[in-house]
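Right after this note come the structures.
Heads up, the next two complexes both have chain A, just with different partners, chain B and then chain C.
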Partner chain A sequence: MQILKKTNLKALEKAKKLGSEKIIALVSKKGLTGRAGGGFPTGKKWQMVKETPANEKYVICNADEGEPGTFKDRFILENNPETLIEGIMIACFAVNAKKAYIYLRSEYTSLKPKLQKTINEVLKKAKSKLNMEIFSGAGSYVVGEETAIIASIEGKRGQPNLRPPYPTTQGLFNKPTVINNVETLTNIPQLVLFDDWKDLKLHSLSGCVNKPGVYELPIGIKLKDIIKLAEPKNKVKAIYFGCFGGCLPYEQFKEMEMKQENICKQNCALGSSTMIIVDETKSIVDIATNIAKFYEFESCGRCTPCREGTMRILHFLEEISLGKATKEDFETLQELAWVIKETSFCGLGQSSMNHLLSALQYFKKEFEAKLK
Partner chain B sequence: MNLKEVYPDCDKLLPRLIAEQKKNGFISEQAMKKISDETKIPISRIYAATTFYANLFVRKQGNYLIEICNSPSCYLNNSLDVIKELEKLLKIKSGETTKDNKFSLHIGSCIGCCDKAPAMMINKKVYGNLTKEKIKEIIQKCKS
Partner chain C sequence: MKINIDGKDFEVDPKKRLLQILKEKGFEIPSLCYQEGISIQSRCRLCIVEIEGKLKASCEILPKEGMKIITNSDKVQTARRVNAELLFAEQSKFCSTEHKEHDLCKIISELGVRDRKFDTKKKYKVDLGAAVVRDDNKCVNCGRCVATCAEIQATYAIDFAFRGNKEHVTPYFEHDLNDVACTKCGQCIAACPVGAISEREHLQEVLQVLKDKKKHVVVQTAPSIRASLGEEFGMPPGSLVTGKMVAALRKCGFDKVFDTDLGADMTIMEESAELLKRIEKGGPFPMITTCCPAWILFMEFFYHDLLKNMSSCKSPHEMLGMLTKTYYAKKAKINPKNIIMVSIMPCTAKKFESTRPELKSGVDYVLTTREAAKLIEHFKIDFKKIADEEFDPTLGVSTGAGAIFGASGGVMEAALRNAYETATGKRVSKLEFDQIRGMDGIKHGSIIIKGKEIKFAVANGLWNARKLLEKAKDYHFIEVMACPGGCIGGGGQPLPVNKDILQKRMNAIYQQDAKMKLRVPLENPVVQQIYKELLGNPLSKKSEELLHTKYTKRSKF
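After this line comes the complex of A and B, so read on.
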């Protein structure tokens, strides 16, 4: 796997020789985009931070991997933390930041001692004065959003804020801040050092399969070629792109090339290439109820449509599961789903209905069969 | 506004709260007052932050804090059976603590171990590929 290749501080050396202008240009040229789901060009983000005048700048490595079904960042933290740390160092060099945070989700606390040890070793070996701190989270899905991560480090409730201003100009402590995902930053030293670096992406495959795991694949490979790697236990019914990405029926879309734009056309989102495989033995209504529970639990409560709406949606779905819902209830559910999507304050609420709306689009019969 | 200019220790708050949670199993009002005195951050802000996070508690938690995942990948791998077994063995429901203060149970979101589904953590240590039998063994070990 390319992502496991070590660069042993040689990429940092090269970056320092090239200087920050050229290193940012190189990152842009190689076409690296954010691996957290947004897909923003990494070089462009760095350039914006570099150009913003400020006496202090920060780099935050987002290790708050919370999307259900996603575990690729954990895989990197366990298997190649050295290269990740070197990536953070290069990012700091490129934008002239003196302090970096690794925001580690609390669920990954068990990885902290080894990560801290590796940081100490790498910084020592590089004779670097960079201040790199592991900042532990305390259990919140929405904190993965970049403005929320900043709020969390600043000791506030980890709720998202309106953008603009973007973190690139007014980020942590109101200073320009780079926020990059673990996978993005691990790619940095590798693309700097290796001429044959390819734009590969980690896929987290799980669900009704015999071989769940992290698979490194080129962007644009066919859905069926991805899914077969995980060895489904039964005939595959649907693929969920995490919770926020929605679902697609497998048979109909198995020939589709897995590119963000293709998936967007179907009103889904590829995100960080999370795929939860659901087979014919499972009920879509049950899964919708399960995911609705997740959103109801994780809604931060700041805005009404998401706070109240996710609760009502869960209630309706439970009623449907139990065979207690009427046709009118079902119609209200659909209307409410759209209202939540259109009127929620942040990405969590806005995307919280993707799974339901796509399930309703492709598997409506399963819902209808359960109505009174 | 740069919050650091108002509260220079603002970025120390969450680490302090996590340390307090770890040490005492919850964050008491006294603990909040103490942190407030030392950091000069108003207690209202401290309470607001504390109650935001799923892993910080204002009520005392058991010695063994069990967090079991019920997100889709685990759910599809029968996490509900495992959860039922836990509830049966401990005689508590999610969010509760046993009378002897030994165990607290929380059903929660994905813990990033979906390749070992169903999965849970006890005091942040991961246990994966759970079955009813495994659960029995693990709880037995904690009890003895």
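After this line comes the complex of A and C, so read on.
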């Protein structure tokens, strides 16, 4: 796998020789985009931070991998932390930051001692004065959002905040801040050093399959080719792109090329290429209830539709699974889901209904069969 | 910049948020969590509009050239209605707001909701504080109280705890307000759009004592409420209703109606004497005023090293309470034990102040302006039509210096007028200290008394006070009032308040001062008589005993 290739600080050396301008140009030229789901061009982000005048700048590595069914960042943290750390060092060099944070999700605390040891070794070996700190999260899903990460590191409540100002101009402690995902930053030294670097993406595959795991695949590969790798146990019914990405019926879309824009057209989101494979033995209503429970628990409480709405959605879905819901309840559910998606404050609320809305689009009959 | 709203073009200020623009242009947009002067909460999601096919909360959007906004499409209506239903269902008790502008019940009925669509299971304990009562069962998590406490008052007494639908407002570790560093200023009450926070009511107790024939019930009214009480009865902001207020209170059954302005005059006599004494002795400077009980609490919690700089004077209503139970009781030959003193104040912190043991307070009950209005309504008095009456003269004659206590800068101005005249024997050449009047957060100036330059500064709002205290050493005399604009913007005043209303109340107070013949406390005949018959001189042993107090260091946790 390309992502496991080690660069042994040679990429950093090369970056320093090239200078920050050229490094950013190189990252832009190779077309690296954010791997956490947003797909923002990494070079452009760095350029914005570099251009903003400030006496201090920060780099944050987002290792708050909270999306259900996603485990690719963990795979990197366990198997190639050296290259990740080098990537962070290159990012700091490119934007002239003196301090970097690795925001590690609290569920990954077990990785912390080894990661800390690796940081110490790499910094020592590079004779770097960079201040790199592991910041442990407190277990909130929404803190994966960049403004919420900033709030959390600042010691505030881990809630998303209003944008603009964007972190690139006013981020951590009101200073320009680069926030990149683990996978994005690990790609940096590799694309700097290896001429044959290819734009490959990690896919987390799980669900009703015999071979769940992390797969490295080119962007734009057909859905059926991905699913085949994981060896489904039965006939596949639907693919969930994590919780927030929504779901698609497999048979109808198996020929689709897995590109962000194709999936967006179906009102879903590819996100960080998470795929949970669901086969014919599973009920979509049960899955929807389960995901609704997750969002009800993870809503931060800031805005009305997400705080109150996710709770009501869960209630209605539970009623439906128990066969207690009426037609009117089902209509209220649909209206509510639409309002939550349209009017929530942050990405969590807005995407929290993707799973339900797409399930209602493609598997409505399963819901209707359970109504009173 | 030009934008298009509902098909019409408008020229707009690009720095203002869309909600503000829409309101200024006369569009009716429901909103609960937006408040001028605090950061954008974007919580309630009622101010939804449609911009290029997408629904957006107008409070967080900045206008862009050529932006097309639809304020009333079906989509917008549905989104607003559903969010209002969700908010409505969040309350397990109905709201009881006096905020006419932001009534959730009104918003809900306008959106066509008639009943609770969802049930609520939430149940919280009511936090019954000495001055401020918080009932989370009415709360809709709009965040205005939290932001007001932090961003305007720099007190951080309350914040959100827990997450999702368990999120609610609370002091740290879910303590009661009484047990945390809360200044009791009541600005959270003014911020709350659903009445989840309110003053600790004492209306029933007052109604009881009014019925008790054995008690001699006396009322005093603060300088600022005569400029605001009228609003409760539908009069325009800035109406001065002194005469009507006195008449109405007398009709409620109070035996005497006294004027806290006289207490203010007494405070000034003592405070200016204290200032002159410190000038003579060379310190400690700056001397800090202590008329505001929320400010005193703030200092006791957060600035222990400056407590020695605080003036030892009690606040005006406490002084008048004391004088009522000594000077007046003796004159009227009434046993002080049978006198009940009720203070009508613009303030919730005064409720707490009257329970301080070290004051041996002469005040038995404190009512806010809003409670006073309820009291008058209880007796079915037609406030607008009632004929003017005068205060009872025994403790009801006051000067313009006492009158301006209700506005930020007023205490300072009054003290300086009196100190100058006491020290030099002459009236200060210009009585109006314009540099410390007005709505600015921090104001300052200087005056020469007996060849020495006295530098003074004034702050209103506790964040401004914090900023001023950083430069405290530059000044000789500092006045702070905890609420924006001073007592005219107090936590017990009629709602809603905004800058415009505050300015009108302030103007009314200064007009009253300008009309008065007596404008320096030294010239007040009743003040002179009190000193002659009871106290002797300012700062005498007797006044130290009755009119001065001490402060305690309080822990933040």
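Going forward, the second predicted complex is superposed on the first by the 372 of 372 C-alpha atoms of A that agree within 3 Å, B and C clash if a C-alpha of one lies under 4 Å from a C-alpha of the other, contacts with A are read in each partner's own complex, and residues count from 1 in each chain.
Basically, contacts are C-beta pairs under 8 Å (C-beta built on N, C-alpha and C of every residue); 3 or more make two chains touch, one makes a residue touch a chain.
Computed from a predicted structure; not experimentally measured.
Contacts of A:69 after superposition: chain B is touched, whereas chain C is not reached.
Of the two partner chains placed by the overlay, only chain B lies in contact with A:287; chain C stays clear of it. Looking at the superposition, the partner that touches the larger set of chain A residues, chain B or chain C, turns out to be B. In the superposition on chain A, A:157 makes contact with both chain B and chain C. After overlaying the two complexes on the shared chain, residue contacts for A:297 are found with chain B and with chain C alike. Contacts of A:343 after superposition on the shared chain: chain C is touched, whereas chain B is not.
Of the two partner chains, chain C is the only one touched by A:332; chain B is not.
In the superposition on chain A, contact is made by A:305 with chain C only, not with chain B. Judged by the touch definition given at the top, the superposed model places A:319 against neither chain B nor chain C.
Of the two partner chains placed by the overlay, only chain B lies in contact with A:106; chain C stays clear of it.
In the superposition on the C-alpha atoms of chain A, the part of chain A touched by chain B in one complex and by chain C in the other spans residues 140, 157, 297-298, 300. On the chain A side of its complex with chain B, the touching residues are 65-71, 73-74, 105-110, 135-141, 152-159, 173-175, 204, 206-208, 212-214, 240, 243, 276, 278, 282, 287, 290-291, 293-294, 297-298, 300.
Interface residues of chain C, counted against chain A in their complex, comprise 40, 42-46, 48, 54-55, 57, 60, 75, 78-79, 82-83, 86-87, 89-90, 117-118, 140-141, 143, 159-160, 162-167.
Note for the complex: chain B touches chain A at residues 1-4, 7, 10-15, 17-18, 21, 41, 45, 48-49, 52-56, 67, 70-73, 75-77, 108-117, 121, 124-126. Residues 140, 157, 162, 296-305, 307-312, 332, 335-336, 338-339, 342-345 of chain A are the ones touching chain C in the complex.
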